[in-house]
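To keep things simple, chains are lettered A, B, C and D as they appear, and every chain counts its residues starting from 1.
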């Protein structure tokens, strides 16, 4: 009897996945634990391991195609074994996603068998595994005998972002089918947030009827094309942010001379340690320091409540394929330049290769977006909710400036801070921006 | 190397040891008549050129074992044969209160180097008085050592160790082993007690067995391998002392354990093994520890009922599946 | 209710049952003249002349004879003097007592009680101190009980005498002197063999024991309570059959299991309990199973050495606290 | 002592039944139809027959692993005996016991015993219960071989039986072979009955091929037992014609030796020879054709018994846990 390979449900909100690559061809021998395929979800790209030994008999969902979770996408079995045709559900693209249940209600989705008396039964190793990974046992669906969670269940589990909702928000989210997980937040989501989303979130996969209704006039060769899950998720996030935050962008010039000198003086010695030092890293260091001094900027705002974060988790907008993701580096305030440089490069590499962990994606407190390399001298970035501000970094341009009455040429760079006026007024924004400038223009102050 | 039956291999072991050491002698009922049960002693006296050291005993287990304890304490190395494990209880006191304790009670003044050979296990329709596997009792008795060989070669090496060993040793030999043949080294070799043998390496599940159950486990492993399940099989060889380290190491590797023996399941030695795993390899367990043994009844005579009391490859195969969570518990 | 010692409680049980059924008789060494070496038969010879029989020192006859008497329709209660000597009549127990009913397809029954005083007294040494209950839990066809206090001693013995199966009744020698309140009139059904009792309710850890081991279990539970750990203490009372359900239910509640007995740990009955939980409820455990028993050596004589082979409440306390680290 | 001709024919019938039964069992075992172990009673028929003839149905016997003869002599149902030996559900023990563990409590046959010397204490216990507890006059007989007389259990049971004057009758089947060992090589006494002296027990030696002699000894022993005078030791000199078990290679003795002794000790030929001419056991003689008729009838019974056994079912698997606990 051949084993079915299912489209995994990697996390609470995933309803479908797109096969990026099959690591094995039909007819290849497969051992349990081999990489079998990589799948793109609305958040990350995951490599999925085979759960059975045998031969990859048949691939039902080819590369590039999307299929709903838990539908059969391939068969593994004995060589030559014949397998039934693909179940209808697998052949057609995923159906419109059901509203994702909020995390708070998620456990109701998992099998009941193993939770009598509220205790989640699991093998000792599964418990250890879940504990080490910080997974909540209760959310892991059990496939073991007597309904116990097995190690394999823990391994197949990808946790949902830890979203907390107010009861009212949870109800609304359910009724209106809002995917609350797009808030990657440590904060409690309130009614207002959900309502804010409803008007802007575009349906992840419009019902066919809706499509024809909204269809643009058909010209030869033109066809509405489904965008990637990642793009849809970006779209949702951006519109959400746009609707939620009344924002102002402040621009301040920086004399990059000292910054360039600093990099020049450290570059080689860092290189020896195999560390590539960029202006971004210096910028992050200074920003982190400034943020520790402006708790209201290193914060998030919700339902007229402000949460001031104890750590600076600096997000960095990273281009990825046709999209953009924002991984963040934790506790930057405590990191030295070398650590920041190392951490950042690793993070970017991970982001580009889809190796990011959920943890690397969530919990940011402030974001930096740099378009310098593209010669941009001014722009107004959009805040990465529920943060309160984002720093846009522009190109360094040799510019004639007046110093002590003399016109001199200096490498100048614009910093564009977009701040949420609900919390951050002009003066605070300016002071913050000015502080970063001071630190960049005179890095010794970092020691002060 | 040469192909020998278990009967021949253990015969060689005794012959070589009795020639090497004049203090070794064998005593049992019918030992000269038909060469003892299963003909394991046929021609032994002549083979060692000293028929006087192969002694016919009256039907009196108490005397056979008791006298051996006395002889051992006075410098000899008796090999005692009890014909059927079910005869052991007739000499239980001599074994657990005399043989096992004499050295300890007397502060090490005496030693009791003796071997008690006891054929056991289900052959065919011998009924309740000739078939029990009683090894568990003696693993609970400090002072005794318990050996359960699994092949002709193992039998030879372990029996030699048992004879040279200075402690009282119970040597349980499944009746189905007697005719089993296999490669047996010609040379003189011994196998240390307390060292298990990994019969087959595997990564998915540890199957812990001993005696006749080893070959049955291997049969099960073949079938499992065909399904891509890779079982590791451990032959304990000796139960007291037993190789905890080997078992724990294997279970920590595979995360799953199946313990099997032909003896009655309740309070059998399998309980000690799986209890130890539950204590000391707990965090590594990916599944319940599966324990397989005979049901809680004496062995019935009718063949179809008797079959229900055997532990066969199918039972181990099914147990492994349970350990893998392939099917839920019965 | 009045205070009664364990041994007097067993005497009462015997007297009450013997008065009800004159097929019941007692047979063993040193019974008639001094009522048993531990006074556990006091008064019976006088009350029931001719039904308390002094045997020669012939264990195979005491047990084998008991089996024969049972087959002939009597209801013998036989005494093993010291459980240590039970090996002398192992064949009569294992091959006869346990099997005759089964081998003969249910034609016979063996309503026999074997009373076996066991355990360490003070310096009884290797051949007068053993706890060997585990052997008999491995034998289909007999039942094994081991009460831990005077009240149970009486109820369980009455149940054993009324049972139509051979029952081995292990009575710990230290417990004989234990006194406690025991009801005057026993219930109609004194005790159901195979049922455990929860001696103390708790939510944090389950301690399972029986016979003298209960002293350790309850002692440890008290100390643990002072440290905020609520132990549930289960007294198995009957080892074969044993109350698997009671243990599993408790473990599913507390998620931790500690087992203690006086017998040698290796191959002891604790292993059966632990193995059963490891197979049937491992998914409920939050910590490795703890098992306490004597180390692997005979019982030494010298007090300093004997102390080394005993289990103490402190041992359990230490181990159980470790479960919460 | 003299008996009626009917009684003599009854003896003969029983002995023939045993002989035919064992012959049939041997044949079926060698043909692989009967598994396990079977130990045959051929050559010793007069002992079981003579002893049991002196007992009532309510008296008890404890048998050995060579117990078919005792079972038949005590009056067990032959069909169900045969079925038991084949392991069928219609067997006396519902297929749980087999040859070595055959019993018929309905006729006071308390069971064969797979353990050599396992029966003494049980018999003594039954005797004790009957005399001292249940207060009736039933007697218990324990059969045992010369080999089994070396078990410690013999001595414990003999001592209590005599000390308490229990109605136990020790019947030693002195067949000269302790399985494969000539008894004299492992036994100190020439006559096993010498051991009775040590227990202050009256002993008598009977010619094991002479059913009348055995019967007479038994009658006397039963009288003593019922009269509360205690146990008796009856040693019956006989000969084990077959190997220890069917299939025994008998490396320990020659065919000639066996033939010779079998002829000397065979109870049936002795009976034929003695009864067909004037003798001191019955008035008159028994005609050869009368004997022939008895033999034929016995053969027929056994054929039927085998048919019954063969046509019976094996036990239902779900019965394997039955009959253990009550």
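Note that in this section a contact is a pair of C-beta atoms (placed from the backbone, for glycine too) under 8 Å apart; a residue touches a chain by one contact, two chains touch by 3 or more.
Not measured: the values here are computed from a predicted model.
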- Item | Label of the chain whose CA centroid is most distant from the centroid of chain B | A
- Item | Between chain A and chain D, centroid-to-centroid distance (C-alpha), Å | 91
- Task: Give, as an integer number of Å, the spacing between the C-alpha centres of chain D and chain C.
- Result: 41
- Separation of mean Cα positions, chain C and chain B [Å, integer]: 30
- Item | Intercentroid distance (Cα basis), chain C paired with chain A, Å | 64
- Query: Which chain D residues sit where two or more other chains touch them?
  - Reply: 93, 95-97, 101, 113-115, 152, 324
- Query: Can you list the chain B residues in contact with two or more other chains?
  - Reply: 86-87, 90, 127-129, 282-283, 285, 287-288, 296-298, 300, 329
- Where chain C touches two or more other chains at once, by residue number: 91, 95, 99, 102-103, 140-141, 282-283, 285
- Which two-chain combinations qualify as touching? A-B, A-C, B-C, B-D, C-D
- Task: Please name which positions on chain D make contact with chain B in the complex.
- Result: 35-37, 65, 84, 87-89, 93, 95-101, 113-117, 147-148, 150-152, 178-181, 185-187, 244, 248-249, 251-252, 314-315, 317, 319-321, 324
- Task: Show which residues of chain A lie in contact with chain C when the two form their complex.
- Result: 114, 117, 119, 121-124, 127, 144, 146, 148-149
- Message: Taking the touch rule as given, give the residues of chain C at its contact with chain A in the complex, in rising order.
- Response: 252-253, 255, 282-286
- Contacts from chain B onto chain A in the complex sit at residues 228, 255, 282-288, 322, 325, 327-329
- Residue positions on chain B within touch of chain D in the complex are 29-30, 32-35, 42, 56-60, 62-63, 86-87, 90, 124-130, 295-298, 300-305, 308-309
